[in-house]
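Each of the next two complexes has chain A plus one other chain: chain B in the first, chain C in the second.
Right, the complex of A and B next:
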């Protein structure tokens, strides 16, 4: 099964795709295809992000963006698995990872679809804070769509029964919370992805601060309240 | 059962993108009509001819093979439309116009014929290699033009 056929199956016929995951059908092939396509799409989007700074930043971001998503998956997979177990699921760890990879694949596809738009702003605008916030917005949209697919996948894959719907909703909400916090922290650890124009290229920055304060600072500077150093 | 019924049955199992599905069904229609005409010429009636044509075509297996063959084509179009122009624009930006890793060399494009030649080849290759990817090519030409404008317009900063 080719990577693109798997993506088409997820986007066009997701019910059948999730049914196959529930039955454990071709799990390894599906996971491999999703992994390959996700890495390729995320790398391309990362290259666009980093291209606002330098060639080295473009290459660095192309490598770091897939690592960000895969590291977050690896860190969060046991949490989702045990949450599911606690709330009565019969899914295996592989099925959980396949579901998470589905969400990441959808996120990667949405990011890829936004790549031409981000490139347009990269070519026609030079405002660093705006470009950074544009990317935050794009990631938020892509992440929400990915999570919606995850929720839908869990509805299909989870075993049905009395109270299963409520339990699933609790698991999805808790897991989204964990995933968002872990993801933002991993992203902050792996920064920079865009690269401040006033700074030299760095593979990683020193630890300190956090993602949320940086986003609020960027909004403040964009609105003219203060200047971020 | 008519040829239209047989095609409807195949269509339900194909699950392809509308445009691809239409092309595939038209091709199958052509095969079935030829086979039915040949069977009729041998003296079979309409129903017998169609049954024989359908059996020879191997409806279930052929449909599965067609589905397998064409699966992912629609996504490939979408991925090509997004990924190809972006990839080529980045290649132009970093590997062709500015081999030093900065945007400074872009402004020298018009005074450096070798770079101009390479840039022209870079746009010609996708045009020649991907004739079916018309949306990707349109977007690529747009980005190429925009890159060029910003490169030769010194007042615009990157």
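Right, the complex of A and C next:
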């Protein structure tokens, strides 16, 4: 299965795709295809984000964005697998990872579809805080769509397990929250992705603060309440 | 049983057979959200129309999508949480073999429009080309198109931000909640700033911020305990530690220089003023 064919399969024929995951059909091939396509699309979106600052920032973001998603997957996969196991799931770890990769692939495709819009604002706007918040919004939308696919996939794949369906649904919902928190923390650790225009290029910025306070501060500055210091 | 009764029974049996066949075909339908990708489902042909010309699948699919006779039998899997087997119920008849995903996708679907996978691929390639193009430094100033728009409005006010208003020669640095004037080139260099750090801002930009004490470079040589403030090319003696502290200085502000360099600088008034001639270094 080619990397692009797997995307078409997920987007247009997801029921069959999830059924195949449930039956364990071509899992390795699917995972490889999803990995390749999502890394490529995330790298491309990262390059678009970083282009607002410098060429080095574009290259850096192109490398860091796939790492962000894959690191989050690696960190969160055991939690999902073992909690599913506790609540009676018969899924293997490979099936869990395949479902998570499905979510990441969908997220990457949605990000790619937003890339022309982000590119337009990159070329026509000079407000750093606005550009940063635009990207936060795009990531939020893409992430939500991605985890919706994950929840749907979990529902399909879990139908073979006996009982405890409601409990597993709760597990998935809680796991999505954990995934969001871990993802935002990894993103904060790997920042900058856009690069403040008044600062030199940095591969990584020193730790301090957190993702949420920075977003609120940016909103405050954008609305004219205060200046980010 | 006369001929009329036989014909009525035959007609009833035919109707029943048609209804059963229709239902079985509906149940054995392979659930598929993208119906356009699947071979179109065919309604059971009525026995009374054997002369009807078979249609090709593409035209049939287009016709069916416009009239929708089969659509009611295809559940929307996007909202369905149950597998197709659950929807199928009892033994499916005419069960279709699962269609393996094509390894090489044709560029166009049956309707003539490009496939989503092909479109995504083209979008990715197009974006890559644009990203590369906008990052190539062009023009006399060597600025890439992606960064050609001035970004004075997007400064992040933070410690260490160095700015200069376009209509003024003064350079200011932001420290601890206020902008401080860097009084001399020596001070600028001593504090480790570079010209590439200086951000040009529009006139009046600094009016919206608090101003802190100006930044001077303080000079001292090994052979003398006295500390001097360098201002406008003259050295000003800071008469005691209390004044030094009151001015907000710390020892890290003091730059050690050779005594001969210090002696060569002309004297200015002491700090605080009127405390006599500054002692020789």
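The definition used in the following text is that the second predicted complex is superposed on the first by the 222 of 229 C-alpha atoms of A that agree within 3 Å, B and C clash if a C-alpha of one lies under 4 Å from a C-alpha of the other, contacts with A are read in each partner's own complex, and residues count from 1 in each chain.
As a convention for this text, contacts are C-beta pairs under 8 Å (C-beta built on N, C-alpha and C of every residue); 3 or more make two chains touch, one makes a residue touch a chain.
Everything numeric in this text was worked out from a predicted model, so none of it was measured.
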Assess the superposed three-chain arrangement around chain A: do chain B and chain C clash, or do they fit? clash
Where does A:214 make contact in the superposed view: on chain B (first), on chain C (second), on both, or on neither? neither
Which partner chains sit in contact with A:128 here, chain B, chain C, both or neither? Use first/second/both/neither. second
Go through the superposed model and pick first if A:196 touches only chain B, second if only chain C, both, or neither. second
Please name the chain, chain B or chain C, that touches the greater number of residues in chain A. C
Please work out whether A:56 is in contact with chain B alone, chain C alone, both, or neither, and reply first, second, both or neither. first
With the two structures laid over each other on chain A, which partner does A:156 touch: chain B (first), chain C (second), both, or neither? second
Looking at A:120 after the superposition, I want to know if it touches chain B, chain C, both of them or none. Which is it: first, second, both, neither? first
Go through the superposed model and pick first if A:184 touches only chain B, second if only chain C, both, or neither. neither
A:79 contacts which: chain B (first), chain C (second), both, neither? neither
Would you mind listing the overlap between the chain B footprint and the chain C footprint on chain A? 2, 4-9, 11-13, 41, 44, 47-48, 51-52, 54-55, 58, 112-113, 115-116, 119, 123-124, 126
Listed in rising order, the residues of chain C that touch chain A in the complex are 31-34, 37, 77-78, 80-84, 86, 98, 101-105, 115-118, 120-121, 123-124, 127-128, 130-131, 134-135, 144-147, 149-159, 161, 177, 199
Residue positions on chain A within touch of chain C in the complex are 1-2, 4-9, 11-16, 19, 22, 40-41, 44, 47-48, 51-55, 58, 109, 112-113, 115-116, 119, 122-129, 131, 152, 155-156, 159, 196-199, 227-229
Touching chain B in the complex: which residues of chain A? 2-9, 11-13, 41, 44, 47-48, 51-52, 54-56, 58, 112-113, 115-116, 119-120, 123-124, 126
For a test of understanding, state which residues of chain B touch chain A in their complex under the given definition. 15, 71-72, 74-76, 78-79, 82-83, 85-87, 89-90, 93-94, 98, 101-102, 139, 143, 146-147, 150, 156-158
